[in-house]
Amino acid sequence: MSKLVPIPSTGFLNERDIGQTPVLEATHLGIEFGGLKAVDDFNLTVGRTEIAGLIGPNGAGKTTVFNLLTKVYQPTHGTILLDGIDTHGMNAIQVNKAGIARTFQNIRLFSSLSVEDNVKLGLHNHTHYSTLEGILRLPRYWQEEKRTHERALELLSIFDMQHLANHKAGSLPYGAQRRLEIVRALATEPKLLLLDEPAAGMNPSETEELMENIRKIRDTFQIAILLIEHDMQLVTGICEGIAVLNYGKIIAKGTPKEVINNPDVIRSYLGE
Amino acid sequence: MSLKIMNKTTRSNMITYAMVIIAFVIVQVLIGNGSISSRLQGQLVPICAYIVMAISLNLTVGVLGELSLGHAGFMSAGAFSGIVVASCLSQNTDNEPLILVISMIVGGVVAAIVGFLVGVPVLRLSGDYLAIVTLAFGEIIKGIVNNLYVGLDGSGLHVSLIKNTVEMTDGTMLINGPMGLTTIPRVASFTAGFILILVCLFVIFNLVNSKSGRAIMALRDNRIAAQSVGINVTNYKLMAFVISAAMAGMAGVLFTANFSTVVASKFDFNTSILILVFVVLGGLGNMRGSIIAATVLTVLPEVLRSFSDYRMLVYAIVLIVMMLATNNPTLKQGISMIISKLKGKNSAKGGSANV
Amino acid sequence: MIFLSHLISGISLGSIYAIIALGYTMVYGIAKMLNFAHGDVIMVGAYICFFATMSYGWHPIMGVLLSMVVCTLLGIVIDRLAYKPLRQAPALAVLITAIGMSYFLQNSAQLLWTSSPKVFPSVIGNGSVKLFDGALAIPHVTIVTIVVCLVIMSGLVFFVNKTRVGKSMRAVSEDKSAAQLMGINVNSTISMTFAIGSALAAIAGVLLCSAYPTLTPTTGAMPGIKAFTAAVFGGIGSIPGALVGGILLGIVEIFAKAYISTQLSDAIVFAVLIVVLIVKPTGLLGKKISEKV
């Protein structure tokens, strides 16, 4: 785990990623819902290969930050630079193509489709044949479908899920559904992966395994991961930098150690 | 394992193709030895047209997951444009299959264009709102066609709307306002209907089992997740809608070319609903079910003819009872218990996720 | 003056649509279903009133009351037999059942009362009020229709907002399971909604046939579809929306008939609906629903 180095405006960046364009630079990001500032002046930088955490009490606006980054909501203030490119004016689809993939707090799988099809849908923009080629079953259809099939199984093997490929996604147990969402997001070949409570509903040993896998994903794919999580063991165990959100504002930032000892953070969690 | 699943879908599709082909052969044999009444023979082309309508609507309702209540509108757009072309062609050639094929292509293209024009503004709506807009479009198309006058003479086509201002010396009226199509070249045949069904099945099956089909089903299952993996929701919605409209247009040409006159109100809201009933009873996303439901429910009123006045009443009751029997948990359990008792011990729990 | 006369007949026709639209909108708001059989309940209501007044010589008011009672019972029976068993079923299954019910009512009416059109006697009489030295004549039926519509509307707003049953109806439409946890009987509330909607349909049927006096088993179908459109137009689920939607639809229809084309009037009405929905996807007074991510 590398050290955090202060950088102007947005806080810290880990040592390893200094000198490279950060994968994410959000500055003064905010959104109002009818006068209510759900997220206000949110600043965050995530390094190219960093595992970062976003924590905070319920209702702090963590998922809203994800929705802003992925353009489910259009921010009313601020800028988002993704790998140095301003995502202003992009929609959810374009942001994914530009390199952000995510999972959802309340799982959103294509539940009537097979596990393999879910992953293939993640590979959608990397499967290269036209609709007409698909209908007429031209050679490119067969080549690309074969390649996509193999790639899907390869991705599923990260979580050792190849044997579930033909099961209906909606029939999987909860933990497996969460893992499948991660695989599907990874399939889109993101630069930044957003995980919304990946360990929710998992038992301690599953969480342990998940931590290993998140690290493995970062190491294999060389991507950045930003995760929302309530499980402090997971957050402090794998995150290099942590930002704490309360009432839509960042109240603390730093290494896990710094953050959990920060009096403001303790107060926000335990109340006054 | 994966091959097995692929085979399962492919096998299911093959069964559907086989079912259609065998049914066609059997009917041909029965016609050959004269065991099909002429009334039923007259139903063959409409049945084919309704089957195509049902499977194309199933693409919108079952695969895309959006309710459309105006499918007959596309049938109408295709029928009227296609038949005008057929009438023009029939003055120059006697080759019926050629006339039919060209007019079907024209009808399909026109319906697809209408589908596109309807789809672009309205597909951002969904659910009941999309349903009511499709209903409205169906009624608008009916209203326009009902007031359309098209005549053909030596100098070409003459068109007018609302008032018949078509003046010709020695031409024929092709579309005559509320009287509809009055001089239809009867070029449709059962064989043509059979081929159209196979072509549409081929397109739908192959579409569903390709990248685009997966995308269409993905946005049915979860639109937000589909966007999050970079799938262009609007494009795929439009694609499914336009393909479905094109097929309805071709079915419209086939249906119409079987009669000598057809009025625009033939393709009204009730027809859209009739097709929807085929789709729902056959099972959403289940093409084979649509084919069977369309056939049975078209033949059923004919069979019930002996009940004469009561047949539509019986039809209504059958519809309600079937919906209750297949959707009410208590009734469903009761029925499956009875079935399993009849079958013995083995009551297999069948999954029907495949299209 | 002609303009004014068209406007008034538009409002009158619109009032009928509004009363029918109420039935759609309330049922939709509470049971989240499109009750396609609603248009045919109108037809039944008109037939009952027709026979009560014509065959049995009842006073028109008694005829209207009888048809309200019959339609209320009909509404409750339809709900119990066909819709209640499907509360947990997919929306499409309920829709098809409603369509089946619509066919059933139309064909039963045809068997019972034949398809030959009945000439409906106006329960209001054929007189008219003359204004501006007779330059503007407003038929009594027009005035009565508008007044009845306003009375119903204000009564309903009071009922829904102030009474216990009305409040439980709002609770059920907001959140079925939460309402159940609060001790509200969801099923009887839904039945109640059907009952009210059907009673209103009976009134609408009588008014409709008083204004357009031809009665056949399919009389209710087209006004039903249009009133449904009106409900969506105003924002389905909203009671004031049904009023606004119904009246606007009536005005658009009459003006389209008067100034553009009689034959294309329906097409124009539907085109206006589409434009409204494209500009404002949840109707004029509808609530914006956003999906939580």
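As written, the chain order gives the labels A, B and C, with residue 1 at the start of each chain.
Going forward, contacts are C-beta pairs under 8 Å (C-beta built on N, C-alpha and C of every residue); 3 or more make two chains touch, one makes a residue touch a chain.
Predicted, not measured: the structure shown is a model, and the values here were computed from it.
K.L.:
Quick one: point me to the chain whose Cα centre is farthest from that of subunit C.
P.N.:
Chain centre farthest from subunit C's centre: A.
K.L.:
Going by CA means, which chain is nearest the middle of everything shown?
P.N.:
Minimum centroid-to-centroid distance belongs to B.
K.L.:
Taking contacts as defined above, which has more of them, B-C or A-C?
P.N.:
Result of the comparison of B-C and A-C: B-C.
K.L.:
Please compute the C-alpha centroid of subunit A, do the same for subunit B, then give the distance between them in whole Å.
P.N.:
Comparing mean C-alpha positions, subunit B is 43 Å from subunit A.
K.L.:
Taking each chain's centre as the mean of its CA atoms, how far is subunit B from subunit C in angstrom?
P.N.:
Comparing mean C-alpha positions, subunit C is 31 Å from subunit B.
K.L.:
Between subunit A and subunit C, what distance separates the C-alpha centroids? Give it in angstrom.
P.N.:
50
K.L.:
Do you know which subunit B residues sit against two or more other chains?
P.N.:
Residues 224 of subunit B touch two or more partner chains.
K.L.:
Among the residues of subunit C, which are close enough to touch at least two other chains?
P.N.:
Residues 293 of subunit C each touch two or more of the other chains.
K.L.:
So which stretches of subunit A touch two or more other chains?
P.N.:
Each of 72, 104 in subunit A touches at least two other chains.
K.L.:
Which of the residues in subunit B end up touching subunit C in this complex?
P.N.:
Within the complex, subunit B contacts subunit C at residues 61, 67, 121-122, 124-125, 128-129, 131-133, 135-137, 139-140, 142-144, 146-147, 162, 178, 224, 269, 273, 276-277, 280-281, 284, 309-310, 312-313, 315-317, 319-320, 323-324, 326-331.
K.L.:
Enumerate the contact residues on subunit A facing subunit C in the complex.
P.N.:
63, 67, 72, 104
K.L.:
If you look only at subunit C, which of its residues touch subunit B in the complex?
P.N.:
28, 34, 82, 85-86, 88-90, 92-93, 95-97, 99-101, 103-104, 107-108, 110-111, 225, 228-229, 232, 236, 261, 263-264, 266-267, 270-271, 273-274, 277-278, 281-282, 291, 293
K.L.:
Okay, in this complex, where on subunit B does subunit A touch?
P.N.:
For this pair, the touching residues of subunit B are 1-2, 4-5, 202-203, 206-207, 210-215, 217-218, 220-222, 224-233, 239, 351, 353.
K.L.:
Please output the residues of subunit A touching subunit B within their complex, sorted ascending.
P.N.:
Within the complex, subunit A contacts subunit B at residues 70, 72, 91-93, 96-97, 101-102, 104, 108-114, 116-117, 120-122, 124-125, 127, 129, 131, 134-137, 141, 144-145, 148-149, 153, 163, 165-166, 168, 184-185, 187-188.
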